[in-house]
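Both of the next two complexes hold chain A, though its partner changes from chain B to chain C.
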Partner chain A sequence: MDKPQIILHSQKSVNYTVFDVKWIPTSAKFISLGNHARGTGALDIFEITHGDIALIAQHEKPTAFKCGTFGASPSRERRHLATGNFDGYIQVWDLEKLEKPIYSVKGHTEIINAIDAIGGLGVGEGAPEIATASRDGRVHIWDTRQADLPVASMEPAEGETKRDCWAVCFGNSFNSSERVVCAGYDNGDVKLFDLRTMSIRWETNIKNGVCCLEFDRKDIEMNKLVATTLESKIHVFDMRTQHVEKGFASVVEKAHNSTVWIGRHLPQNRDVFMTCGGSGSYYLWKYNYPENRVKTQTDKTEVGVAGTLTLLQNIGLSTQPASAFDWSPDKPGLACTSAFDQTVRVLITTKLNSI
Partner chain B sequence: MPVIIRDINWEETDTSLVLHIPMKGAKATKLDVLSSDQYLKVSFSPYFYEVFLHDLIDDDKSRIIIQDGFVEATLTKQYPRKWNQLSHSQSDDKEAMKIVREDALRQIAEKQKQRHEANASLLNTNKREAVREQMKLEEDERNRIDTIKKNERDKISDEMKQFEDNQKIQRQVAIQNHVHEVQSQKKVDEIEKKKIIFEENTSKENSRITVEPKITAPLRETGRIAVNFTSRVFPTPLRESQTEMEDEWLRKQIDSRQFNTDLQLDLSENEKDIDYLKTKANQFFQQGNFQSAIGVYSHAIRIFPKVAILYSNRGACHFQVRNMMKCVEDCSRALELLDPPVLDNLPQRIKAHVRRGTAFCELELYAEGLLDYEAALKLSPDDEKIRQDAQRIRNFLEKNQDFS
Partner chain C sequence: MTTEYERKLIDMRSQMQENNAYLDDYMKDLNSWTDDMKKKEETVKKSTNSNSTPADLPPIRNFVEPPRPKKKSQNKTKPKTSSSIRSFDYNAWSKFDVDAECERIDNEQKVENDGGDEEEEDDDEDEDDEQWQEEVLKKKAEHYKDWGNHYFKQKSYAQAIENYTKAIECNPTSHIYFANRAQCQLFEERYGACEADCTLAIQLDKNYIKAYYRRALARIGLGKIDQAREDLEYVISREPSNTDAKNKLAEVNKNDEIKRLGRIYPLQDKPIDKRSTKPLKRIEIQEIDTSIISNSTITKKKNIIIEEIETTEVPTPSEPIPPPPPSQPLPPPSAPSTQSQKPSPKSIPIPTAIPTTGFQFKRDWANLNNQLDKQSIYFNQIPPTTYKTIFSTGLDSSVFSRILLLWSMKTNIDEHLINSMYEIRQTPRFNTQLSFLNNDDKQLLKTTLDRLQIDSSLSKEKIQKILNDYKID
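Presenting the complex of A and B:
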């Protein structure tokens, strides 16, 4: 019994479909974003008290929310939540004053599927930016100091039929000029855009629609990228060595027996991550590096070597897909999660320091 | 012919009786004994010995051993008393003997059965015992794991309480700092205001001076990257398990578009264009001129024999002129061509099933019609009309079965 245990701490039923949950930085509170049956957006704030989840505040907005992030908050005390909604609006809210957003723009013509932010919360260097991915096939980068127009956009070329963009994430932001954005599409495309050179750094197709992408750390030189897809596949790419033709080395695992909706790295250990599946199951993985991460080939070029994944623990908590998951940055092992059975849950994973 | 042994010796006490039967050179392995509580038969071919005992013996406690060429039978009496004679008085009566023999055999058979049942029930209890043990072991294991989990949970609730309290304290500290800063700012303000002669509007908003850290990084220059996607014909997301079927369907579509070049007909350009032919046939259909529509479709089918929609539509025309058998044939051919079943050809498949089902019902082949309707329902479970029609056919079939 030295394996980490995933324990359900508490759960709470809500009366709307929950699409995203996120911890509020430096607190025992988390927010949930979702869609009421009447089509309006739900933004609830919960707190963990006395071993249970208590609803502190409830807000209803005209359009349903799909995703949110605190990553571009100016400081850990002043929390700004960036959200994407079903109408393609990206809005930034100050949690102290939720009546009106402090920034709002109709950034996309269709629903915003995923959002990621970087540069805030005192983490990393460079301007705070927000990336949004939408069904209109575009990825836009926003800065709250510039209204109406994105600071960067990745759009389908002229005459190209658009594909749904399902996932987006920031990475490689180890100094004030370097930054990359990775986007995943429903036809299995994964594309890495370099924001410093405004070009595509790498693209590949992983044969199944990409549900989620995450770098193990956003503020270091890019190390590992996890891509979770349809058909129960999890890909982990070693992003340190790029080969001209072969790209990045990767390892593939099959798990959950259903769509893998989310992959999230533990903030306290970048080699441990949790994946959540369409069968309501949660799998905790550890990535093991190979002996040599780089291999020199006969033609003197270097190619990366992917490691292996070990499954540390798994638990099934729901019958519906687990759609959102967030590790708490303050307490190791504490996580909030939600599923399509209209429940938010708080999980605790133990013995993580023994890994 | 078995030989009866008559020269036996016997002794008795109050409680038991010993018989000595000479074996006359026969092998011990060939010995066969049959005994009940008043009958004993010992046979070792070709000799045999039987006796109808004077009184009852306890069959279970009696023993037979082989010693020195004699078969020694030690029989324990049921009633301890001297018999003075070995065989029963009626021993010479053949009829009586026969009855006795039959009784004995019956008794032996019953005893066998009882023993068998006792064994079986013993086996059952043992099995149940084993299962119970197993369950107990598993229960123990489960309990052990549960206690470990419970311990973890308890440890965690303590940690969580600490965490919550910490966070609250941190929030308090942050608020205190905020308030202090505001107060010090207010003090500065007041000093400044004293210098000002006329009153300024010191609205509440000014007193809440937010200490915002300025974002020092420069705004990014607007840029744009043009993206090309890996081509995909279908609008649905890519799934590895579906790729094979999708590829096969695409290949078939491409094949069907190539027209039959075996035909050595002199056709005008129009007559080789499948869309022109389809439009023409459609016009005929709308006007009610079904025979002409059939003609055009048949012509089109000769040129493009693998296009499913042509068969499907010709089937609809046959339906209108009541050629139900031909309608069924055409719909069947269309369904054959709409294989492999991908999302792309789903609406066509549903239509073909419904059409063929209706044609079957018109031909009074209701069972076949129901099969098609159920297939259509499986493909499109939300369609109320199909569900209702299928239910009607089912009811009709049940009613008719009652009569037949």
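Presenting the complex of A and C:
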């Protein structure tokens, strides 16, 4: 009973399919992005009031939204939301003026499956950049200062079959030049692309389509990478030691009895993360480091050692898969989530500081 | 006395109370927090009205700096041309200062030049855009070249070629990309493509020696030895210290010589230490007209007179006919054999060499072409004791009938005839030959035998045997 508790604080029903929810930095509000039945995009702003979620603003846009992020927002005060929609457009919106986007480009030919941003909000160093992953197999890196063309892109070679890219995330951004982008594909490929040398640093295949990728922290030297996949698997890679042939060490955990849709690290503790499954279940995990994270082999090369995962708590909140989950960066333990049953929920996780 | 179970119950209840208390605290905290956040937001919104763009951001990734647009210098208006002095205004002319006017004109020209420069700047701007695009392409090309080099080091030549090709697409003016691609193609043994690439590289830069060397290697692969030699010699002339080129040239020359002249091996019959250490000498072989070989005459040509059929043994040299002594080209025999006065081509000389094998006999006999007189002379030359070897495969029936004719033609019986008859009967299948004689031949044989019987002054035993064996009836 002294394990952390996951408690449903409040929930709200909406009349559209919610694909993403994100906390607005420095506020008690969160944004939800989704798809109306009539095919238009929904952008709603909710606020937590005493014990309840209140709808503050509602916006409708011509095309349905798939994903969004605040990561490239220039400052905590001026909040810019970068979104990807079903038509392949990347748009950046100023929350104060949501009538027109401040940056818009048709970056992909097909739906943008995932988006991630880095360099904003005063977190980390380096230029603010947005990464988008699309069904057309490409990963593009955008800088809002450059219109029309991506700053960098990872594309399949000509003539090769294009695999859907389902997940993308930034990492290793501990100084202004270093940055990596990790992309996950529907066939289980995970590719780590180094933006400083513009080359692939590591690639592997984890056998099942990758639904979500996240580094435990974007703004430090890469430490851990969580990959959640189809067939209820969760992989955690130890990214500190790369072996020439074996790559990174990893630990695999099976949970949820269904596709694991999302994995999100707690901003206040990078060894704790929540995974959300296709059965509407939420599992809270803790990663335990091994005694020695590095092992020297007989041929004098170093190989990493993966640790273990302990399940702290789990809860089942709905019958439908969870489409999004976001920890609040300002309040430890507060999280918002959405599911395909057209509801948004706010969760509270207790006793996180005693882990 | 609380039991375990009760203790556990109590524990659980306390835990739950703790949790609830915790939760309540948390909720209150949350509420106060949300109020705080709202206030914070208000203040933040107000303060963001003063927008300050953070200018310290690092530059955009992979960015090629476009040229700054040149500031157009202000168009200086041309100074007004002073009104020209009228020609009839003599007072004004007397006050005219030539030097000042000259200076002014000089200054005007300078200004005009500046104005012209401005116009050029406009063009430059357009050019700058193009220049910038070119720069971008050049950077791209360099990038592809680096990738190509990387693959080259890893020996993935096909991928290296791809990358060099992309580099060439971006920047077709660099000889290095062509030369590098040529080197990859050498490893892939695509000699034709390599040669073409080297040629292009040379066109772009005549002084790039590596391209010449690689082209030479490609040409060797293609079999264009002479052109390869040219290239190698050029490389050596430009880079005398290039040992690779020298070695290659020596190799090429050696291979060429082997092809042309063939390898020369000594005969292996002697053990090595007893073999001569002298170098092998090449001897020129002259080809002669092959039709002459069969009628070869050797050193001494004998003029054989046909009128007499003599059984005198014609002294013939004992050398066998083939092979001809190598150093003597054989003169055409038609000159010495003038005994046959007929200029007809059928004047075949009688072979003066005695045949020792059946083949030689058959050949000569066939060449004599049924000319009875020559055949008789020829036949008489052959010593009867050699009949066994000559006719070791048996007499031919046409030959036998001819021999019979010759015997019958003989005017007198002599040793030679007796001996020849004696020896002939010892050839294989003689009896079958006898039985297959036709009537004319039988008649001839009969006459010969009769004569033998009559003139039986010589070796009677032999005659007896002959008579016995040549019985036909």
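Everything below uses one rule, namely that the second predicted complex is superposed on the first by the 355 of 355 C-alpha atoms of A that agree within 3 Å, B and C clash if a C-alpha of one lies under 4 Å from a C-alpha of the other, contacts with A are read in each partner's own complex, and residues count from 1 in each chain.
One rule holds for everything that comes next: a residue touches a chain if its C-beta (ideal position, glycine included) is under 8 Å from a C-beta of that chain, and two chains touch if they have at least 3 such contacts.
A quick note: this is a predicted structure, and the numbers were derived from the prediction, not measured.
J.: Record, for the superposition on chain A, whether partners chain B and chain C clash or fit.
T.: clash
J.: So in the superposed three-chain picture, is A:209 touching just chain B, just chain C, both, or none of them (first/second/both/neither)?
T.: first
J.: Quick check for you: in the superposed arrangement, does A:164 touch first (chain B), second (chain C), both or neither?
T.: first
J.: Counting only touches as set out at the top, which of chain B and chain C does A:96 meet: first, second, both, neither?
T.: A:96 contacts chain C only, not chain B.
J.: Now for A:185: first (chain B), second (chain C), both, or neither, which partner does it touch?
T.: After superposing on A, A:185 lies in contact with chain B but is clear of chain C.
J.: According to the stated criteria, A:143 is in contact with first (chain B), second (chain C), both, or neither; which is it?
T.: So A:143 meets both chain B and chain C here.
J.: Quick check on the superposed pair: does A:129 touch chain B, chain C, both, or neither? Answer first, second, both or neither.
T.: both
J.: Of the partners chain B and chain C, which touch A:2 in the superposed model: first, second, both, neither?
T.: So A:2 only meets chain C here.
J.: Name the contact category of A:59: first (chain B only), second (chain C only), both, or neither.
T.: So A:59 meets neither chain B nor chain C here.
J.: Where does A:155 make contact in the superposed view: on chain B (first), on chain C (second), on both, or on neither?
T.: After superposition on chain A, A:155 lies in contact with chain B alone.
J.: In the superposed model, which partner reaches more residues of chain A, chain B or chain C?
T.: B
J.: If the two structures are placed on top of each other, which part of chain B overlaps chain C: 170-178, 332-340 or 368-376?
T.: 170-178
J.: Where on chain A do the contacts with chain B and the contacts with chain C coincide?
T.: Common interface on chain A, chain B vs chain C: 1, 5, 7, 9, 26-28, 48-51, 74-75, 77-78, 125-129, 141, 143, 145-146, 151-152, 176, 195, 198, 330-331, 334, 348, 350.
J.: Touching residues of chain B toward chain A in the complex: what are they?
T.: Contacts found on chain B: 145, 148-149, 152-153, 155-157, 159-161, 163-164, 167-168, 170-171, 174, 178, 210, 212-213, 215, 217-230, 232, 236-241, 243.
J.: Please output the residues of chain C touching chain A within their complex, sorted ascending.
T.: 11-12, 15-16, 18-19, 22-23, 26-27, 30-31, 33-34, 37-38, 40-41, 44-45, 47-48, 51, 54, 57-63
J.: For chain A, which residues count as touching chain C in their complex?
T.: Residue positions touching the partner: 1-2, 5, 7, 9, 26-28, 47-51, 74-78, 96, 125-129, 141, 143, 145-146, 151-152, 176-177, 195, 198, 330-331, 333-334, 348, 350-351.
J.: Hey, which residues of chain A end up touching chain B in the complex?
T.: So the residues of chain A touching chain B come out as 1, 5, 7, 9, 26-28, 48-51, 74-75, 77-78, 119, 125-129, 137, 141, 143, 145-146, 149-158, 160-164, 176, 185-189, 191, 193, 195, 198-200, 205, 207-209, 230-231, 233, 330-331, 334, 348, 350.
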